[in-house]
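Presented sequentially are two complexes of chain A, the first with chain B as partner and the second with chain C.
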Partner chain A sequence: MDSASEQLKQAEIDEYDQLVKKIEPKPPVVKNCIWAFVVGGLICAFGQLLINFLMSNGLNQSDAGSGTSVILIFLATLFTGLGLYDELGKYAGAGSIVPITGFANAIVASAMEFRREGYIFGVGARIFSVAGPTLVFGFTVAVLVGLLKIIFTS
Partner chain B sequence: MSKKQGQQTIVFTSPPLISSWASLVGPKEGQGPWGEDFDQVLDDYLYDEQTWEKAESKMLREAVKQAISKRYYQPSEIELLISGDLLNQIVSANYAARELSIPFLGMYGACSTMAESMLTAAMAVDGGFFSRVVAAVSSHHYTAERQFRTPIEQGVQKSATSQWTATAAGAVLLEAVPGGNPRITSATIGQVIDMGQSDAANMGSAMAPAAVKTIKAHFDDLNRSPDYYDLIVTGDLGKVGMALAQELFIKEGLLPQPNYSDCGVLLYNDRQDVNSGGSGCGSSAAMLCGPLLKKMSEGKINKLLLVATGALMSPTTSFQGETIPSIAHAVALENI
Partner chain C sequence: MNSLFMAFLVGGAFCIIGQLIMDLTKPAITPGHILVGYITIGAILSGLGIYQPIVDFAGAGATVPLSGFGHLLTQGTITAVQQKGLLGALSGGVEAAAAGITAAIVFGYLAAVLFNPRG
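After this line comes the complex of A and B, so read on.
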């Protein structure tokens, strides 16, 4: 009896799920991809221009790369503070999230959001609330790859 | 004699009068189609406060004050305040009540809180316990975003099914007095319904079955047909949820009438970038305490069924993979 009514309930849920899938608007995948490609590409092309500029002014490749990261992070932070980066993100999606500027945006947006709860329990505790997982798994993978390198090259 | 009729509906023997009401909305809501109909449109989202939470609480407090001052009452003359909002520990309502010094009952029904508060207030009045009761709710876009979603300045892409939490507060004053309109004549208390939807960015589809089930129960309990009402509005299903509700109406044998709409769809116009529509306690509160009660007082609407809908999940349960339980309560307002 119980299992029969459970089955009936499950059938009702499945049927409703089909209805939801039929009615909910489909995400505009092609449009989103084009936006992400163009904006993400422009950010990266701008980064490359910065590297070229810094190298032509005498920095070596490694230093020019670091300098470029610093400049991009500064600009993303500035535009987040001015309330413009989220407007870009609305259209660009992954295009403005994946580059280093998106990472800076996630951290600064969290810091701005929680500053009213104070510097310790607000900004300090919540600044990595969005970017935290990236750091945790980034560090974890870095350590694992490092271990693998030691094991297989020694 | 019991005032309960059928399974879930109560019929008031001395229908409480909605003697006054007030609404405060944010700038975006003021730019929507009904800007003229609200008592106050704020210039900015902080409302001269330091935090959004304080701003929301102030909006709620001011809505209550404006509603009672329209009848020339002092807050001390109000016997009971029934109020709630979306925030953890319903802080907007608690902090508003701290300033008002009115005996207070806090409510939480997520976005259904307006109907929940109104039907509880109507029971308190019709039951003869109180003769002047205020029901009020609020929601604020920026307090809700930070509690339920992502930081404001983070560049994220919203899906077309997502909804925009309304910045709005609404209050109604119920009185046990003879004469006058509109009155709360009956109410249907909803069950918590979960149809297995788990996408927190698509709450309309989670809530639509609850809304339809409550509406069906209301008609069954009272032996009414949908054309009894001039207008049936759900609280915040949005475009997606409203389309689903219309499909479910057909399934239940209730023909979707031209007199059915949704506050979340009505509150904004198409150019306002709200995706599926408005949401939050403020969605139904703003539409009710703004244009809808105004139209009732002008006699343009005489029978209104407000069905406020609430999604009862929290970010914690969402992260734990739980589905979204939903509720809807119906309140019938009539000029009699």
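After this line comes the complex of A and C, so read on.
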């Protein structure tokens, strides 16, 4: 009797799981990709516009690249503060994450929520909850490449 | 005009890859993972000499995605290693990326302090 009711229960759970799987909304992958492509592409095209502008004003390629990053980061932190960047992110998905503006956005968004813990160990520390891991892995790979370069050229 | 179009096309393609990774793996991959993954893979591809050719024809389409930041770190390191040897391996990356890193931290801090969180 007990095992029969348990089997019934299990069957109901299985049925429920299948129902959940069927009804659960699948992410609209194609639509998301189009949004990501258009928004991410536009951010990069705007970056190219800035590079072209800075180079036509006499900056060399590397300085123009740095200047472009700085401008994009500034705009992203500003629009994140105004709440507009996250609004864009709802539609753009990876299109607003992958560009360097997404890095700046993640820094501000994660820090902002921790103001109640203070400006030094709240905001000051949480700035690095996203920037930290990103820089750790970027630096580590770069140093490894540098060491390999020394080993294989000597 | 052509450089803008190439940047749009290639930059957009980088973002499609990120979107596919997020949609097809569901909750496992967060935006933070995407950022760490892009900078890491960009730095590796740069070390293998694969990333520079993409930058050559796509411009900002390859330097604005965070993988371009990884590329910048690696190229800075390689250049500094050729000039200063071992010390350059440690100093070159940050030197090349200094403006971006400092801007992100300083502007990021100011924005987080000056604006009120929403939602």
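Please note the rule applied: the second predicted complex is superposed on the first by the 132 of 154 C-alpha atoms of A that agree within 3 Å, B and C clash if a C-alpha of one lies under 4 Å from a C-alpha of the other, contacts with A are read in each partner's own complex, and residues count from 1 in each chain.
Assume contacts are C-beta pairs under 8 Å (C-beta built on N, C-alpha and C of every residue); 3 or more make two chains touch, one makes a residue touch a chain.
This structure is a prediction, so every number in the text was calculated from the model and none was measured.
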So, after the overlay on chain A, do chain B and chain C clash or fit? They fit
Query: Thinking of the overlay built on chain A, is A:Ala125 touched by chain B (first), by chain C (second), by both, or by neither?
result: neither
*For A:Arg116, decide between first (touching chain B), second (touching chain C), both and neither.*
first
Self-check item: Touching partner for A:Gly93 - first (chain B), second (chain C), both, neither
Solution: both
Of the two partners chain B and chain C, more of chain A gets touched by chain C
* Asked: Touching A:Tyr85 in the superposition: chain B (first), chain C (second), both, neither?
  -> first
Next on the checklist: Let me test your reading of the model: by the given contact rule, A:Val145 touches which partner, first (chain B), second (chain C), both or neither?
Outcome noted: second
Check your understanding: Touching A:Leu19, do we find chain B (first), chain C (second), both, or neither?
Key -> first
Fill in: chain B versus chain C as contact partner of A:Ala11, first or second or both or neither
neither
### Query
Thinking of the overlay built on chain A, is A:Pro27 touched by chain B (first), by chain C (second), by both, or by neither?
both
Smallest inter-chain Cα gap (chain B/chain C, superposed on A) in whole Å equals 6
Interface residues of chain A shared by chain B and chain C, listed 27, 32, 80-81, 83, 86, 93, 97, 102, 106, 108, 112-113, 130
Touching chain C in the complex, chain A uses residues 27, 29, 32-33, 35-45, 47-52, 62, 65-70, 72-74, 77-78, 80-83, 86, 93-95, 97-104, 106-108, 111-113, 115, 119, 123-124, 126-127, 130-131, 133-135, 137-139, 141-150
The chain C residues in contact with chain A across the complex are 3-24, 26, 31-32, 34-36, 38-40, 43-44, 46-47, 59-61, 63-70, 72-74, 76-78, 80-82, 85-86, 88-90, 92-94, 96-97, 99-101, 103-105, 107-115, 117-119
Chain A contacts chain B in the complex at 12-13, 16-17, 19-20, 23-28, 32, 80-81, 83, 85-93, 96-97, 102, 105-106, 108-110, 112-114, 116, 129-130
Touching chain A in the complex, chain B uses residues 50-51, 146, 150-161, 195-197, 202, 205, 209, 240, 243-244, 247-248
